[in-house]
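Following are the structures in question.
Here come two complexes built around chain A, the first alongside chain B, the second alongside chain C.
On to the complex of A and B.
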């Protein structure tokens, strides 16, 4: 009973946050003076028919409150306007960009988690040893490097050895699907490495503290006393109980993941959502900018909700 | 108002307050001393930059992308400008941007946190709701959007970073103030008829002060990170020289494909070292203040104190 109440509360919070983001979007782009007010219909080289359609859809000749309602309605139906740059619906552009971003970011995040957990556990188990000091110091170092700096260094170091830009080789036409896939994997190495390196450090430090905390608990002593083997003690007794902060950690690093992937996509010309946002800024493509902000925000809010629900599942005592 | 028994100090936070104990703790930790040394070094360097920079940054003094040499320690950039002088100058503005944005953020965060934690009730609910929304919405994306709509400028970057970075401070201060509010002496002062303003100024703020100092130091790292990110995306003033714009400029002018690592490395390393210094200093102060926080998880990129217990409004 209490559990379902918690779930609904979190879902409600997520929905309201999306609504706040929607409103923020509207205010930023239409209401603020001096901003690109209602430029949504000013698509360059657009046919008069398209302009008329946009003006009608978003009610650009109507008062603000009516525009707001129309904007909400259109957004909920997936109509985010038309991109200035390629005159395609923003929604379609975003879907394409997200499809390109997801494999890169997912791989980078998973890699960062695996390395982070491994490094953190080793550090905590061998607390105070040379390995612990080395690993912690390296982590703090990677922590402190700006993402774009790390990316550029990798670019220079691996220039000519690994593909440096884009998602695939534009001249490799005619290969099989498998070749194309391998080509994409090769292009992914540098961006994924950069993302993993910038994210892993934080994970390693958090896992280390969480593990140290659980390793000091009485039940670990009990387990040791009754002769649980070392590997099982670490995996089943300590790490399992350290999972809670690790879930929080993933949820909280969402912001860092978004920031990192934007910078990385710009550096490695990866045609994903971050690069789309960047080009939208450069070309003053306001509909794309609005759409990109909204899309990223909704994705982050959704993942945050998942993290909350997983957290609740892991520890049902949490019911705030 | 909850009726907790006065006299029992809240068990969850045992905090040593005051600037002297804080200073003593800081001096006794090697990490803190190292951090303090780094931060002071950079501050002094920024102050005396115009006096010690070997070349002018306004005209070419060597060849395009000239590699490092005894004349030009860090080499030259695409315009034949000495990178060492550039990085010295860049540090000034980067640190000013970081410090100003942080002051704005800490100001808003502390105000929201104190009001929320002290008065509680509906004000607390409203303020914490707003804080929660801003915590979830990805800040850098919102910063990009606002900076893009508003136009590229250094002051816009400062305001945007400051105005969006306050949420974690508000959370932290609120939790502290809430526990302070229940302390016996605060209750007694209240019973003696002191005004809210008096209690806040004389009894609450001095107690959260050291924590605010730790927070400020840590927040500067995030502000500088955000500045370099926004600058890299071309949202800072293109004529201003900061560590962020130096890296952006080098990337833009094909320093990477020319293999001119020296145009990028000094600025990047400067950011990293300063951030490590602030991180070590801030975390040591925090550890000294609150033994419990030693096991908490400090995130640099997001700069949040991870809750030890619970999530949501009751998280500690």
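On to the complex of A and C.
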């Protein structure tokens, strides 16, 4: 395959972007008002000496550039520091949070993709029909819905029937692993539904317009003239080409989903990365914030890189 | 008569709106065509005459807002009778089609081989090893190496793509081939190859062919019979030789007359000619010397890492050109020969790598865009596609007035309006009042190009650069636009540099012709001389590939009729 140049170029850009993000991450939290120590030292009988000791312990008395170099060096060694809040390594905190977020986000995204692509394709193929109007209007409705509002509404409507908070039942101790898994699935229903509904709408609209465009291309007419049956025409010719813009947009939005999950995780008290970051912001937990945002940056950049590489696979015209 | 395909009483309406209001357009009216096995029929007409709609109907490929009546007889059966159900089994197996856009008729993300294979799989014609072998055979039949099957459409040139399309059309051994403007987007030499291939295949495989085209010369050289369509009706059909020598319908005569004839031009050069002595011997208006231009490819990441400069392929190499006042010079060449690049360099849009450009004695080679601005009054440009060069939201008045505003000519609106009217009058859009308030979509292609010319000449430039000014226009209006340019040259003493891929047009209208090939000018001289006794081998090859509207001349099949 002639195209390794393309792959390396993409990977190179991704690495540079990560470094820039790393630096911005450092600067950003230093210019925010409020300090970490003022929060932690807000205990009865806190003396200025305690405050000083904390500052020294966290290394905040060192000059900024030294803090920066330390930060860079440690980050590159996989050490993201220790959380000011729970004194655990940030790395471990993040791993745990991501481990909780990923199943929920992945399930929501996959649902959103499947429903979105199906709805978009049906709309495009039956353009102008009642089904198209219905589907498009529903999609626009959900697209316009703020996530937090939709989440609240679902919470109000289903709170009694389905578990509304957390990712497992704290009192269900002693069940088998299978029971625990089923319990988690049950807890997932509401957050996943919220995520899937907000995302599906965007996918459906993108797929519809991409499909309409490819359906009008000359090669579709060629395929029709060849006698290609309708199903194959839509799959192998129209959708295959419509996938090109879709892949880019979906991959771009995938990165944003992790951040978008902040709202959902806070509403449904899901102990994932979104909620962890939310808490860290409130508590000015610098290492946690830096680590968290770095992780999100890396996720976004990785997904974009994925998109580029998949695009490269899907579109033979991209050679360099 | 045992016909391969018969179209009987075909009528097609397009509903603009499927609803209560049935505002319908009757686009094909009572068309009857019959085709014997191995016969080649040319379906000729201008854009909008219904020729493409007719053949699309024969394959049941019209969009759902079309209403069709009539019969398409294949094997003594009416394949339209039961709609989709009765057409589907015949598509590609009995009737195959070659489309106009060689560029976009292939799915860009699948290999050529995959797409040919699909046609066979769908109809269960072949599978497995036999199918792979058949793909190779088909490609070799059209002169493409068999191993090219694994390539993607974008890796093929335009001509190869069209030949691959023909290979795909033959995959299921059809009896009838419908070709919709198969060579329109191709250069004349590639057109020559593709047409020869079609004629050869039609003879070898006893394939009935309907060739849809606006180019009578192509039909004259490849078909037995022709049908001329005008506004949805077949107004005349018969043997090509009869149509050429004894047209019954005035429109047929007009079409043949409008078809440029490079050979006639060689005998009696220039329809409206100025004796050479009348061309003033003053300093040239445009003097290009040793121009060379190279395009910088943007540096890749790898280049940057290795500290390598971007590659610089040469687009224009040592080109020298002169245009005098009152003279029309044609720059002729295939696409990619560097003619448009030359023009852009003259306009100051591209910085040349070497050589000099003088306009009216002033060196403009390295002027900045700010220094260029006052000069733009003297040099104006006419573009190829009047459908894209006009702003769709500007009325004719605003389009023509804009250059005046830009250059601050005409103190009052009234003064400018007078100038605008004069320009429109000059390009033959009269009465002017009728056109001033119109939008481009309310004009025909020829009228649009006239508006574009009016916007160019409203500044009274001395030098007019025209990039393929008629190639997007219908044959019958081409002559009018070229005639207009000729008048501007003769009466207003403008110098005109016209780019064209069509040697016939050049020979008919230009004083001098420069033939460009691979960035260089391979031959230059008096138009009639170049056509009558070409010196460069490339010019000779170019001339040999131009189809002649007279069917008796040797053509694509050498014994077409």
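Annotations for the structure displayed:
The working rule: the second predicted complex is superposed on the first by the 273 of 320 C-alpha atoms of A that agree within 3 Å, B and C clash if a C-alpha of one lies under 4 Å from a C-alpha of the other, contacts with A are read in each partner's own complex, and residues count from 1 in each chain.
By definition in this document, a residue touches a chain if its C-beta (ideal position, glycine included) is under 8 Å from a C-beta of that chain, and two chains touch if they have at least 3 such contacts.
This structure is a prediction, so every number in the text was calculated from the model and none was measured.
Once the two complexes are overlaid on the shared chain, A:98 sits clear of chain B and of chain C alike. When both complexes are overlaid on chain A, the residue A:306 reaches neither chain B nor chain C.
Look at A:237: by the touch rule set out above, it reaches chain C but stays clear of chain B. In the superposition on chain A, contact of A:258 is made with chain B only, not with chain C.
By the touch criterion stated above, A:226 is placed in contact with chain C alone, chain B being left untouched. Once chain A of one complex is fitted onto chain A of the other, the partner contacts of A:8 are limited to chain C, with no touch recorded for chain B. Once the two complexes are overlaid on the shared chain, A:289 sits against chain B while remaining clear of chain C. In the superposition on chain A, the residues of chain A contacted by chain B and by chain C overlap at 13, 320. Those residues of chain A that touch chain C in the complex are listed here as 5, 8-9, 12-13, 217-219, 221-229, 232, 236-237, 240-241, 244, 314-317, 320. Those residues of chain A that touch chain B in the complex are listed here as 13, 16-17, 20-21, 24-25, 28-29, 32, 35-36, 140-141, 143-149, 152-153, 155-156, 159, 198, 202, 205-206, 209-210, 212-213, 245, 248-249, 252-256, 258-260, 262-263, 266-267, 277-278, 280-282, 284, 286, 289-290, 292-293, 296-297, 300-301, 304, 308, 311, 318, 320.
For chain B in complex with chain A, the touching residues are 132-133, 136-142, 144-146, 148-150, 221, 225, 228-229, 232-235, 247, 250-251, 255-257, 259, 261, 264-265, 267-268, 271-273, 275-276, 279, 295-302, 304, 306-307, 310-315. Only residues 59, 61, 88-89, 91-93, 96-97, 99, 101, 104-111, 118-119, 122-123, 152, 154, 165, 168, 300-302 of chain C touch chain A when the two sit together in their complex.
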